[in-house]
Amino acid sequence: MAESAPIVRMSGIVKQFPGARALDGVDFRLLPGEVHALMGENGAGKSTLIKVLTGVHPVDEGEIELAGRPVAFSGPLAAQQAGISTVYQEVNLCGNLSVAENIFVGREPRKFGRIRWREVYRRADELLDRFDLDVDVSAPLSSCSLAVQQMVAIARAVDVEAKVLILDEPTSSLDADEVAQLFRVMRRLKEQGIAILFVSHFLDQIYEVADRITVLRNGRLVGEYLTRELPQVYLVAKMIGRELAELEKLEGKPLARTTEPLIEARDLGRAGAVNPFTLTIREGEVVGLAGLLGSGRTEIARLLFGADHAGGGSVHMGGKKVTLRSPRAAMNHKIAFCSENRREEGLVDELTVRENIVLALQADRGWSRPVSARKADELVRKYVAALNIKGDPDEPVRTLSGGNQQKVLLARWLIMEPRLLILDEPTRGIDVGAKAEIQRLVVELSDGGMAVLFISAELDEVLRLSHKVGVLRDRTLVAQLDNDDALTTDTLMGKIASGAPS
Amino acid sequence: MTATTLPARRFGVPRKYVPVAVTGCLFVAMFVIGGFRYESFATGQVVLNVFIDNAFLLVVAVGMTFVILSGGIDLSVGSVVALTTMVSATLMTGHGWPAWPVILLVLVMGSVLGFAMGAIIHYFEIQPFIVTLAGMFLARGLCYTIGTESISITDPVFTAFAQTRINLGPDLGISPSVLIAAVVVLVAGYVLHYTRLGRSVYAVGGNENSALLMGLPVARTKIAVYTISGFCSALGGILLSFYMLSGYGLHAVGMELDAIAAVVIGGALLTGGSGYLLGTVLGVLVLGLTQTILSFEGTLSSWWTRIFIGLLLLAFILLQRLIGVRRSLRPSGS
Amino acid sequence: GGGSTGADAGGSGGGDKLVMGFSQVGAESGWRTANTKSVQDSAKTAGIELKFSDAQQKQENQIKAIRSFIQQKVDVIAFSPVVESGWDTVLKEAQNAKIPVVLTDRAVDSKDTSLYKTFLGSDFIEEGKKAGQWLVDQYKDETGDVNIVELQGTTGSAPANDRKAGFGEVIAADPKFKIIASQTGDFTRAKGKEVMEAFLKSNSDIDVLFAHNDDMGLGAIEAIEGAGKVPGKDIKIITIDAVKDGMQALADGKINYIVECSPLLGPQLMDLAKKVVAGEAVPQRVVTEETTFTQEKAKEVLSSRQY
Amino acid sequence: MSELIRNRLFWPVLILVGLMALNVAFTDNFLNIQVKDGHLYGSLIDILRFGAPLILVALGMTLVIATRGIDLSVGSVVAIAGALACLRISDLGDQNSVTGVLAAVGVTLALTLVLGAWNGFLVAAVGIQPIIATLILMVAGRGLAQLITDGQIVTINSSPYKLIGGGYWLTLPFSILIVVALVALTAFLTRRLALGMFIEAVGGNAEASRLSGIRSRGVLVVVYTFCALCAGIAGLMISSNVSSADGNYAGLWIELDAILAVVIGGTSLAGGRFSISGTILGALIIQTLTTTVYSIGVPPETTLLFKALVVTIVCLLQSPAFRQKVVKRRARPVAPAPAPMSEREPVTNR
């Protein structure tokens, strides 16, 4: 690969937030026609670097050059006009607008200043077809699942004629097929000479698509490497600053068939969301759910937590019928639910990290019995340490990096010591180290007798953790497979695709 | 990921139009009930009178719709209306200015005021409620500084606008103000649905932060919205001058609440990003028809009038909710 | 025009009962409520069907109401205008529909006096003048300055403007009368008290208080008492309206002088309405009978006050 | 020093002090507090006394706003409370009977609780937008108040009732004692107990709160009920202060003043975090402003201009963006900012 002149060059970038120095003298360059991965632990400063580049945050020190000329963008609009198209980490779209509009708002095809709606819808349809996405483009975006929203955000960014495309964790809630689609598009863009900055915590993805890697640690530059010259283990070591011991090994999960059923869903269903299903989860059992986007995994989780009202069927615990009318009721039965959409359904932005962590516990105790400051301190300190949450517990949770926010949400439910823990995409946006940490935690918890319903887009992860895997297809639970040696990702894929019993 | 995963979405009224449709139906229902209850109610002129009597409110509410759609609020509209009538009356009656320059001047004045408030709201990140509240004090205060008396307008142009009736048929007529209001509604509808500005208004109202990250011109949109509202208030003030033929510092007290109520009754969400101009038109009509019903009733004491307005509002909102919720429950979604 | 009443088949009462549409300003004060009651009661006694509409202090609402009266084809329209100006359009519509109009309580400034038949009501300027005159008479021997504080009605409202003007005109004759503070008390007791407390703190030597209505005066009395002074003695108090509470305070010696503004226009209004509909000639201006009260007079009439 | 400036109460306090200074400049004995007839007397005491109802209403409003709501009906509730209490007392054989007055007050407060619960019901259970839900009671409530008083001003003569808003206890105005008690109670409920956290969570993200097991509806109903209760007590104070109830004017536009006080105090209308002390400061600023208008003799015609001016200054000063963009811009050429920053120890996340 002949080194051409970098299209983006950032040098000596410093960004200080109240309470955190997010970037400290970082140099970075991006060459045309390459896919450049930006790597680092949660809170390393990846998103901040991107935001500084595109003018969301002003730089405190340092210089940014675009195609050799110094620039200082006043905001994303200016960056976009200069040819930098960005998908930020959290899906940043307008739920009240239609899917098509979210793709085109601000740059709609017009004739004499009048928006040509037909054209908007037609082009949106076309564009989404390219991503193999079949959605009603006139439906409001908020009616789509997070994954679809993420695809829409990507489609919007890709459709802009840009010299630089920035994707901050675009794949965090996509499944394998979607990711493959995305990579196909990325490769095509790369061939057209577009520079792509790509952030992901999936090492496999990085190795599949990236040409070059820049690693950040604690807001400092560790180095820039060619992907093919940097083996995975070294990459991880550079990211976390030490060797990651035994990442892949997870021990101790004999099939716990003998334990009592903890919760049984009988013909539970909800019209338009998920077809009636029957599912039993035993104490100490990890049940994984696999399926494509919108196949209804989240819906099952929400029904079991009482977040939505079931249309029919019943739930039994300990042989007795229980009604899960509200999250409260579910919590009374010691069920906990860690939602996939941490921003809308999980965290309360304005509250501090500490408050967010004790929120569910406090809700459980009621308003008149406050969690004492000492107890709260103790819990917070314990889980901040256990999950390695980086950030000041007394700062608003919104100032944390995406991955650390996810850990806060997890901590909230872990202190509840539930009997059934529902985890919907808990490893979304979490770095390798922390992911291994969380996986180990799940195993530990289930060994201790807790039942876990584990939802993840990564089949590997589902397979590694679960005793039993439920497969969903078109909102129907089509199969429940015991996770023995015969079960591989391939057989699972087959199930998801065909639905026929093998 | 096949087409079968999609719930059928295209039956009947699309969900996003349900609030507006419900409001429309309820409006018709109100009219029919009134027609049965009162003699000489069910005539075309009663409906036209609702337009004649509320043309200015309609224009003001159109401006308010922009603001509310963008997630803001504008409390200054009533005062700006009053200020407009006051300035017009003083200039024409007191200083002998001709009508057209005055009209131009007050329109510019309203827009500038709106622009200034929008700029403060955006650049200094102060809540719209407070900025426009200060604007409300300012405009009303300016009225009183100009004069505390009510000033008659005798200008021939204004009188002509006030007293001309455009005949639509036997015993049916509208005022020119109605036409002006109609034009404003049409233009505003076009802007909201067929221009980038309009769509940016919805986007900013939906999620300002996202809109910013999506690269939309948030600053321009927010300032434009308040400028439009200021302009509409001034225009509404001119229509009110036509209607009253006077300028007075106590005109249009509380009109901001009427305008907000009209927009919200029409199904818009105060949190922004959701609602339609047609809803606003219906909202104004509902408020107007309520008043008509009250004066046809004609036996209510002052306090029963207020209680009755409250009850009508309640009944209306409740029905709107109940019907709207039942309709929108049918399609899926959490 | 005028006399064509029989042709109006409308009116919801049917038959030949006279239908009157009456648009009231609102119910903003006890005075106004008494006024409304008087109109409603006398309509009943006079056998007139009353269509009553409350405008909640807004002119546009009054115009709407009048327009709907025209639509309902009432026989006669009466209303108390919120303000003087801006009535031409709708009054012309009434004229075109051949419905006679009677004004009560307050005039309109239309050049075309044929738009209404007659105007029945009191004269706010005159009330202010009466108040001022009493003051001038009381202090005619006084040589030093007379420090006056004024509690105005709602800023911009007609009674506030006119009473202030009338009062100011009379006392301007002598430079010893000085209005040292003047502030709106919104016609309410609470505001009257609050403003007076502030006056008492910032001005040490207040001789006279002129309040645009009884209620503000009553509020101010509490403030004066709270400051350890004697209302009616240390500070002389003049008010306007003569509602019952005010008369009581006058009789108790806490107020010194009240100018009456009578709300009981009902009987006269019904009388005029009948005449107007029958096509009889009526005077352009009918002034209500109003008087003034001193402390002695108040004691005499207190028991017979209706409102 | 910079610590101090960053405190969010710094600017409201500064503004309050500024207004006071203005008063001192215009009025000789503004800061004087004497004992007259066995109670405290002076302009400062007046500000507290007349500010008491506003503080109460703003207190309730703070919690409502923290849940991302708004309550327009407080003015009407003020009127209803005054009207009902005065009517009940005027019906008493002996208006000075303490039990009779207590009963009247009890009935009135019970009614305000019902009214507040009604608002809460509309918002939480029916799901009507707060501004419209409370607009209904705002319009109808004032009619109700007038219905109770029959459009007249009900005058009473009851010394126990007079105590609430106009009386003194241990030389202190009783209304201030009530305010102190209620503020202390609220602070206890929200800051010592967990109610405040629930309110902030519901206001910050209602769906997330529900999924964390908070009964958001219950919280909403409680908050609206509390707000109406505060307004009701304020209504008692206002009517007691002048020994009469005015259905039309009592509490007119108090909702605007209350909202203004809340916002000046630093609570965002977008919900979430709230500050009780800020609200109290805000209410005091507004009341001081009103008193200033009276005592420095601003003519009624320009009162609103004056108010607009002060509100604008207050809000601009309080806005960090304003200070940054206008104040700092001037300062920059004098001392380039970044230099000292880089010398600071880098904050590491270890």
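Every chain is named by a letter (A, B, C and D) in the order it is written, and numbering of its residues begins at 1.
Please note the rule applied: contacts are C-beta pairs under 8 Å (C-beta built on N, C-alpha and C of every residue); 3 or more make two chains touch, one makes a residue touch a chain.
Since the model is a prediction, treat every value here as computed from it, not as a measurement.
Undergrad: Please identify each chain that touches subunit A as well as subunit D.
TA: Both subunit A and subunit D are touched by B, going by the contact rule given at the top.
Undergrad: Could you tell me which pair, B-C or C-D, is linked by more C-beta pairs in contact?
TA: B-C
Undergrad: Specify the chain most distant from subunit D by Cα centroid.
TA: Measuring from the centre of subunit D, the most distant chain centre belongs to A.
Undergrad: Rounded to a whole Å, what is the gap between the Cα centroids of subunit C and subunit D?
TA: 34
Undergrad: For subunit B versus subunit C, what separation do you get between their C-alpha means, in angstrom?
TA: 34
Undergrad: Compute the distance, rounded to whole Å, between the mean C-alpha positions of subunit B and subunit D.
TA: The computed centroid separation for subunit B versus subunit D comes out at 30 Å.
Undergrad: Quick one: report the Å distance separating subunit A from subunit B, using the average Cα coordinate of each chain.
TA: Centre separation, subunit A to subunit B: 43 Å.
Undergrad: Counting only residues that touch at least two other chains, what does the list for subunit A look like?
TA: If we look for residues of subunit A contacting two or more partner chains, we find 307.
Undergrad: At least two partner chains per residue is the criterion; list those residues in subunit C.
TA: In subunit C, the residues touching two or more other chains are 26-27, 33, 36, 155.
Undergrad: Got the subunit B residues that touch at least 2 other chains?
TA: As it turns out, subunit B has residues touching two or more other chains at 144, 148, 301-303, 305-306.
Undergrad: Which chains touch, pair by pair?
TA: A-B, A-D, B-C, B-D, C-D
Undergrad: Taking the touch rule as given, give the residues of subunit B at its contact with subunit C in the complex, in rising order.
TA: By the definition above, subunit B touches subunit C via 38-40, 43, 45-46, 49, 52-53, 56, 143-144, 148-154, 159, 162-163, 240, 243-246, 248-254, 288, 291-292, 294-296, 298-303, 305-306.
Undergrad: Show me the residue ranges of subunit C that touch subunit B in the complex, using the header's touch definition.
TA: 10, 12, 21, 24, 26-27, 33, 36, 40, 50-54, 56-61, 63-65, 67-69, 71-73, 83-89, 92, 109, 111, 154-158, 160-161
Undergrad: For a test of understanding, state which residues of subunit D touch subunit B in their complex under the given definition.
TA: Residues of subunit D touching subunit B: 72, 126-129, 131-133, 135-137, 139-147, 151, 247, 256, 259-260, 263-264, 268-270, 300-308, 311-312, 315-316, 318-322, 325.
Undergrad: Would you tell me which residues of subunit B are touching subunit A in their complex?
TA: Counting only subunit B, the residues touching subunit A are 1-7, 9, 14, 16, 190, 193-196, 199-200, 202-203, 205-207, 209-218, 273-274, 331-334.
Undergrad: Which residues of subunit D touch subunit A in the complex?
TA: 189, 192-195, 197-198, 200-201, 204-205, 207-215, 272-273, 338, 341-342, 346-350
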